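Each of the next two complexes has chain A plus one other chain: chain B in the first, chain C in the second.
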Partner chain A sequence: MASVQISEAEKVYIMHGVRDDLRVDGRGCEDYRHMEIETDVVSNTDGSAKVRMGHTDVLVGIKAELRRPRPNVPDEGYLEFFVDCSANATPEFEGRGGEELGVELSNTLYKVFNSHRSLDLRSLCVCPGEHCWVLYVDVLLLQCDGNLFDAMSIAIKAALFNTRIPKVRVLEDEEGGKEIELSDDPYDCLRLRVDNIPCIVTLCKVGHRHVVDATLQEKACSAASLLVAVTPRGAVTCVRKLGAGSLDPDSIFEMTETGKRVGKALHAPLMELLQKDESLGKKRQKVGFLA
Partner chain B sequence: MAVDMRLPTVRKQISLAGSNSNADGKHLVVPGDVITSDTGFMRGHGTYMDDEKLTASVAGEVERVNKLICVRPLKTRYNGEVGDVIVGRITEVQQKRWKVETNSRLDSVLLLSSVNLPGGELRRRSAEDELTMRDYLQEGDLISAEVQSVFSDGALSLHTRSLKYGKLGQGVLVQVSPSLVKRQKTHFHNLPCGASIILGNNGFLWLYPTPGQQDEEEGGYYTSLELVPLSDREVISRLRNCLLALAAHKVLLYDTSVLYCYESSLLYQIKDILKPETMDEIVMVTRQRLLDQEG
Partner chain C sequence: MAGLELLSDQGYRLDGRKASELRKVQARMGVFGQADGSAYMEQGNTKALAVVYGPHEVRGSRSKSLHDRAVINCQYSMATFSTAERKRRPHGDRKSSEMSLHLKQTFEAAVLTQLYPRSQIDIYVKILQSDGGNYSACVNAATLALVDAGIPMRDYVCACTAGFAEGTALADLCHAEETGGGTALSLALLPRSQSIALVQMDARLHQDHLDTLMEAAMEACKGLSKVLDSVVRQHLQEVSVLSRD
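And now, the complex of A and B:
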């Protein structure tokens, strides 16, 4: 992963700061940097969102395609994740450099999001056993400045909220053959329910305390971090430990509790913002990539 | 905990009453702009010939020396000059030299013979010194240094042969564009707000707690790992955010501008300084004060 090298003295400074609940940028241990979220930024997707948090910049596009459902769950659609690490983010990603990280990230996203508990996958089914919608979630990392997971999960939730899938009907003719008919009205579309989509909170263990939304410098001071996916109701859907270091059971418990509390609180302002964004509709001035 | 989510906004150009037009009569160009179609000029850095016309290849200010036309880019890597004060990070320890990252195109070099080792200036450098180089400076360490010479390929040779230079201890590094650092007599400042700053010409700014009486025997290679008091931390964090705010609005950085910005930021909490609207407000007040002071 993109990382920075810092000196021992800088590490000591950062760790003492975390102990005193005053981080280098003036935040407390449980504060996020301010986030800028914009939806509907890529016109040739069914839903898209861009999230900027400090210098971390993530773009998510969602495309829906009609495919055959998986044989073990014939009445459900599914999600496919792909994370592309742009060489713009860091020269390390050039060529195949970002591939390993991309695969790791997309596997984690798959674990967190692709379950019928977080998204009603049945609503994606068109004709059981034959056709279902597959959502291709493409994540593009434009800049890395720490806390990729949180930014990605927020962007994915925003993009899923923004996704509009055209409504289709299945027509059956006399011989029993089936035909799919697309609705004539372009505004007649299927929206996804995002009420139960989790947000990821990554907690970085720095010294004896843990911080949320760690910058790259803070991450360099920590040996291990814990990823917690939390739904708006406070249910934890996925917990993963990242990094080479170890965590003792007490601190895992503490970190999960903090993660739950922080994660739960993330959803309300996000939904409020997305509703506001939608109510503005076309009146909103598009900023896109030139902010 | 605090979460602040918002829609992005288009950044507005702040114009101040009393300031002359933003160009100030400077010839500013963007890539592709034709500088002149007169063929009597020589092509310098940042320009190319396009159909007999001299065209800019970078965004910046046109500079003319007799028949030579150059464009000095606004956003660039650091082009070192002899005597510049810089802050850099050690990336490699080699034979008799350290490689230093200084935001230039090539890594800079710090020779073992151009550092002051503990034990006085006239100490001879032995083979043991070569073996213990990593004890003085290791990968990741930050140093302040001066540019001693520039090699023919543009790489810099640094020296730390003065007690004011050497290894940096606890503090915060802020990286900005090198063109935002104003050239001044001194780049080391003890700010009256309770912290010190090194404004490296290469755009690396180092904020650190103002040191007390310094132990001169170590020759600048001793770092204290003692706890920095919370009050000093608050000042340093506030200054850090102020520097980033000024840099985001492309305000030239020097002791006065930093201090004014610090003072105007006192109305706000440290973590709020980087929010766009607060940033606009603070920087506008700072620029107005700088303007009043000039005129």
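And now, the complex of A and C:
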């Protein structure tokens, strides 16, 4: 990951700030940075979203493909995650440099999102045992300034909300042969229910307190952080400790509680924004990277 | 030709353009804060991002460094969702390695590398959405990113593709025209000196037509250079207004 080098004095400054609930950029411990979310930015995907959070920039594209379902769950579709740590983010990612981080991130995303509790995977099934929709969720990191997981999860949720899968029908002829027919109407499509999709809140332990949405500087002051995936109802679906240091059980409990509170509060404005954007329809001005 | 009529009898192309008409070009400089220079470029539906880091010390083995000029290091990659068919890997395949090499050659011809001996300039380009003319979108985006990074160049490098159908040269091909079976030529031009930084044509063409094709591509590049110039000027104006306040 893109690294910053900070001096001892800076560390002390940041830690004292966190102790007094006033961070370097003026935020409190549970505040997010300014966020910009835009959906439908890449037109040759089935769904896409771009999230910018401070200097962290993430682009998510979702493509749906018809594949054979997994043998152990023949009546469900599935999601595939791929995180591309592009050299745009930092020169360290050039060549194969970003691969390790990419695999780590995509595995975590897989654990957080790919469950029938967060997404109705049954609705992705076209013909049990033979055909299902596979959603390829490709995350592109364009800039890293800490808090990748939160930005990625928000972008994924927005992109899933934006995803439109063409409706297909299975036709059967006399000999039992099956044929898949694609709907002629491009507006006749399947939407995903994103009500139960969790958002990730990463909490960074700085000194005796923990902060939400840590920048790279703050991350450099902390030894360990905790990833909490929270659904809109406040259920925790995944907890994972990240980083080299260790955490005591009490602070893990405390951090999970904060994560629950912050995560729950994150969903409502996000959904409101996505719905508002959608209701504008064609009138919405597309900015993308031109803003 | 593979069933597609690239140029209608009325002189219009598949997407309704005239033969020498370019697609809509939109661009912005300074997209990212962390990089030394960055730019975003849209040519029709082809979208490219370019980021420049440097000039900085040579990373990795010192043996790569050159004592009299800077090393230019390019990486071309495509987002996995950029094409109609999903790509498995963003970079590292043969096509993107070749593209990286072409970009390197192009920019070695344009950047004043002798000003920065023993250093390195990184140019990373990413195709976000691909609809023909990937190489030219990358070159144009990288030029803007280099300008944004303040790296001295001989001139803007402008690139464009040109194709040939029904005895007419077509400028700035889209994906359908590129894959439609006709000839495609990509050309990178330094417009002021009219010198060519890179030219590439992979298909068969009668030698008599080569001149017209080159001429069309060069005209298109000159058109693009005007657009790039206006983008740079507008960006400078915005930045200078901001810094004056």
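Throughout what follows, the second predicted complex is superposed on the first by the 291 of 291 C-alpha atoms of A that agree within 3 Å, B and C clash if a C-alpha of one lies under 4 Å from a C-alpha of the other, contacts with A are read in each partner's own complex, and residues count from 1 in each chain.
What we mean here is this: a contact is a pair of C-beta atoms (placed from the backbone, for glycine too) under 8 Å apart; a residue touches a chain by one contact, two chains touch by 3 or more.
Predicted model only: the values in this text are computed from it and were never measured.
Aligning the two structures on chain A places chain B and chain C in a clash. Applying the stated contact rule after C-alpha superposition, one finds that A:Val212 touches chain B and leaves chain C untouched. Of the two partner chains placed around the shared chain by superposition, chain C is the only one that A:Leu140 touches, whereas chain B remains out of contact. In the overlay built on the shared chain, the residue A:Ser86 is in contact with chain C alone; chain B does not reach it. With both structures placed on the common chain, the touch criterion links A:Ser7 to chain B but leaves chain C unconnected.
In the superposition on chain A, A:Ser279 makes contact with neither chain B nor chain C.
In the superposition on chain A, A:His16 contacts chain B only, with no contact to chain C. Touching of chain A by both chain B and chain C, each in its own complex, is seen for residues 291. Against chain A, in their complex, chain B makes its touches with residues 1-11, 89, 91, 139-142, 168-173, 223, 225, 227-228, 230, 233-234, 237-238, 240-241, 269-271, 273-275.
For chain A in complex with chain B, the residues that touch the partner chain are 5-10, 12-13, 16-17, 20, 22-28, 30-38, 52, 212, 261-262, 265-266, 269-270, 273, 276-277, 284-285, 287, 291. Those residues of chain C lying in contact with chain A across their complex are 26, 28, 31-35, 38, 40, 42, 45, 47, 49, 51, 53, 59, 73, 75, 77, 79-84, 86, 90, 92, 122, 124, 126, 128-131.
Put simply, chain A touches chain C in their complex at residues 2, 42-45, 48, 55, 57, 59, 61-63, 65, 82, 84, 86-91, 94-96, 136, 138, 140, 142-145, 288-291.
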